[in-house]
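Labels run A, B and C following the written order; every chain starts at residue 1.
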Amino acid sequence: MKRIFGFLLGLTLALLLTLFAGENPWNVFTILVRSAFGSMYDLGLTLSYTTPLIFCGLSVAIGFHAGLFNIGAEGQMTMAVVTAAAVGVLLPDVPFPLAPVLAVLAALIAGGLWGWIAGWLRAVRGSHEVIITIMMNFIAAGLAGWFALKIIPNPDSQNPETALVSPNYMFKDYDLVARLFPDTPANASLVFAIVIAVLMWIFLWKTAWGFKLRAVGSNPEAAHRAGISEKKVQIAAMTLAGALAGFVALSEVVGSAGQYRIGFSPDYGFIGIAVALMASNNPLGIIVSAFLMGALHKGASDLDLETSTITRDFSRIIQALVILGVVAQGYWEWFKQKRRKG
Amino acid sequence: MTAAVQFKGISKYFGEVRANSDISFSVAKGSIHAIVGENGAGKSTAMKILFGMYRPNSGEILIHGQSVDFASPIDAMAAKVGMVHQHFMLAEPYTALDNILLQQKGSAFALLPRKEQAQRINDIATRYGFHVDLNAKVENLSVGEQQRIEILKILSQDSDILILDEPTAVLTPQEVQDLFSNLRKLKAEGKTILIITHKLKEVMALSDAVTVFRSGRMVESKKTTDTSVEDLAALMVGRGLQIPEERLSSIDISKTLLNIENLSADLGTHKLRNINLKIHAREVVGVAGVEGNGQDVLIRCLLDSKSLNKGSLSGSIQCHGSLQAFPEDRLRFGVLPSRPVYENFLLGQEHRFTKGLFLKTRELIARTQEIMKAYDIRPHNERMAFGKLSGGNQQKLVVARALTQKPDVILAAQPTRGVDIGAIEFIHNEIRKSRDDGAGVLLISSELDELMALSDRIVVLYKGQIVAEFTRSEFNETSLGKAMGGGH
Amino acid sequence: MVKSILTTLLILSCSTLSHANTLKVGLVLDKGGKDDKSFNSAAYLGAKKAEQDLKIDLKYVEATDTNAIENLHRAFARKNFDLVIGIGFAQQDAVKKVAAQFPKVKFAVVDSDVKAPNVRSLLFEEHEGSFLVGALAAMASKTNSVGFVGGMDIPLIRRFSMGYAAGAKYVNPKINFTENYVGVTGEAWNNPAKAKELALAQIAKGSDVIFVAAGASNSGVFDAVEEKKKFAIGVDSNQNWIKPGVILTSMMKAVDIAVYDTIKETQAGKFTSGTVLYGLKNDGVNYTLDKYNEKLITPDMKKKVEEIKKKIIAGQIQVPDYYKKK
């Protein structure tokens, strides 16, 4: 967690900037902390942002480990969430324990497929994954919007969202985490997220597959000479990345909302990039960095409410500066390393 | 008379590797000064410091008596120091003139119109004999011509100190002769030339003075007339030349391990034509040739024929038994520089250290430690990033990784490139041991000494074809050199 | 520096003291934000006016994402605000949920129908006002065709379109009518470039009066008609001033008055729950006429449209309502 320094640097800069808005930075900081952790309610909201950020952070990180830059977590997640909602709406009679499992499996397949397409194009056609995943984000948004509004729209609302899934699909009363944080979308998927992060750590560092994936990311030519198919690894990595982003369906559909709402994500997929960078792509670090970014997101969105001059736009500036701080530190380390090598 | 260049106590470290320690010598103005030493002796590092590419950790450099501290090559060029790198720095899709003018950005000549620029460069080329078609695209020019462009880049800036890094490695004998006569013309005009090489005959033929590097230290600096090839060789190696090896076991002709028949391949720039080659058990076959004559194609055919287009490959390669290779460019093809040593040892032999889904990390680390001890890979830290090891230690690990898998066929491509003297001998002995244990070795090298020390047979590649073949009793530097230049 | 911080703190603490007994009103604007010059602007201005006239304590926030709306309502309720006003159809679920949890806090919601003892729903008869501007559009059209650009394709906006088309056909049964929507998501309220494209396409097909109901996307349509020297009709606020001379009129929704009145009644202790309807009858919707468009609306046109208005109020004209279509 060396990158935490970048986080703090960005935060400090942002807080100093509030001086120009006529605010007391210390005051702004205490508001941030209070509205992120001040009560079980606030903490619950922070955690409800943390969960999808862990999944998206892991998705971006596994791409980085394989030497690929997955900017497509947003689209992979969208496809997964709308798929889970569709299963829940179209197959209402599946009984409880099976129903959420089915929905999440479908979501993982949809997210994984979305990643697989990008991986396949990258490996076989040589197209650059950054371009493809950005394009796939747009396609996902369009497809999901069409499906939500034309095929399974919510008949009771003018909001752009799907109908509610059948209650069999929801954790509801079985969800102990949700009981701890009433009135918030926080739910048991947080526990799943942490477990998945640990599993990913084991996969990357303790298995031969994980080693091969990292070898391709570290030096694809050498991996190729060592008999590792870098194409297969790239496709597998992007598929895994898509499935990891797809886990957001667990927290969003099964865990809380019970539907796909267009615009539910405040760019989780993109904040996930900062989450992964801040943790140097270490899955265990991602749990911590996702929590910090979640807290920042929750805290910053309350600034509008709690101060007289800081608007929602200013809270975006704060988040942007923190992300810049994290990225700048990453760049600085890379630069120093390059310097040393000559 | 003050020296053109003077090194005073220059030291340079890369992490734990000492590339230069306490280097001091001076170069007279208007002379050709040779810098010799084995690979990894620190010659290039010292020259890169002079050219501002590295900053020394201690010591100072004087140019015409003035102390200088170059932060980058731009500073060096401003002080009229120019360098021709071993790997040319040219933009291939552009013309020779474009490449030369690119260098001029910011200099006083940059303001002249293009036509006058071309005229000026032509004048310089004529004066020193570096003729090049300025309007030809670099990608269409031969290596020798590209080298002339590099030299013109420097001359066009009016530099008066020229550094040439291994200028003859890629040239044919005729091109070498032309280069030498042109360099003498430059000397006559008062230019100072530093030339890095490890070919001692060239040193004797061309230079006025010579400085010998060994293991990062300057061991001797004297007039060329006061020395001899034998003298220099002894200084470079630090002990008498190796005695030719006594073969303990003999080639097993009955057992062909690698059989290449009528192999032709086309990689665009480089081609192979009609190669026939057999390697038997307990045999080392050397492949000699100036780089770029098809060696890279041969390596790809052996290791990665799947990646070649079907249509561009014909003939057959039969390999009886397992094959392991030392890659010709280990950092690019062989290792994961940013990962720890033990993971690099694991690369390519994952199946040996896997149980079910999981890696047997403890066993892997123990085995890595064992290997590092056996091969004397320093520092003894299996968790250190591989890229931080010195070249010799890196290569020892690559060799260890391949040989401990007991392959039947070993493809040793440039096995001692960028490796210090001690490691070279060690690696050579490991190759011999494997051979004695029954392996067949295909040795591809640009070092004639290495080829002659190890090979039972040497074939010479020229423009993608085998143009000559010598047995151990037949080969010597002259015959090989002649064949490498295309004449036989 | 320290001094200025201390002063700020002092002023802050004083202001909280002096307002200890004043009515605390929280305003939750939709994604479009207070500067959309249309729907949210109207609500904001109404609340601002109440702040000045009635000396209430006003705090407004703008929703950042769909998840945030419910949290903002809850945040106001937890801080013991007396009245929380939600602007827009998208806030229906949030208000329904939070109002049930905080029965002592009063809520009002614009464009949404929430039935609860502590919620007042402020609904507008958009189709009636749209009928009037439709009639004016038909009168002003020289090409015999008028257009409609909606923001997000939802029943609420279809209601505008349907009333507008009916009004135009009432004046000229043979008139051509085209309609387009900027999008199907919340982004549609904030996409002037797409709105402009749609307007240019409609103009190319012959429309010369375009009614736009697309929040902050409206400006795109205004740009298009200014370029092509055609007419546009604004929405929600009186938008005639934005581009004088090309904005024929505006279909005004008195969101400002609805907000202001709700605050005023709450302050006077006269808050009532249930639905309050704003139609032509009580000037809740209307067409606008001011110095910016007086040259565009001839006395003859004015006479005709006033007649139509009277007939609608008297029930002699039945304006079709998209909500009742099904």
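Simple rule for what comes next: a residue touches a chain if its C-beta (ideal position, glycine included) is under 8 Å from a C-beta of that chain, and two chains touch if they have at least 3 such contacts.
Just so it is clear, the structure is predicted and the values come from calculations on it, not from any experiment.
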| item | value |
| --- | --- |
| Greatest separation from chain A - chain, by CA centre | B |
| Nearest-to-centre chain - CA centroid comparison | A |
| Where chain A and chain B are represented by their mean Cα positions, the distance between them in whole Å | 47 |
| Interchain centroid distance [CA atoms averaged], chain B/chain C, Å | 76 |
| Chain centre separation in whole Å, for chain C relative to chain A (CA means) | 35 |
| Of chain B, residues touching chain A in the complex | 14-15, 48, 53-54, 303-304, 325, 327, 332-339, 343, 346-348, 350-351, 353-354, 357-359, 361, 387 |
| Residues of chain A touching chain B in the complex | 206-209, 211-212, 214-215, 218-219, 221-228, 340-342 |
| Residue ranges of chain C touching chain A (in the complex, touch as defined) | 5, 8-9, 33, 59, 61-62, 64-68, 71-72, 74-76, 78, 89-90, 92-93, 101, 152-156, 184-187 |
| Touching residues on chain A, where the partner in the complex is chain C | 22, 24, 27, 41, 45, 145, 149, 157-160, 183, 185, 261-266, 301-302, 304-305, 311-312, 315-316 |
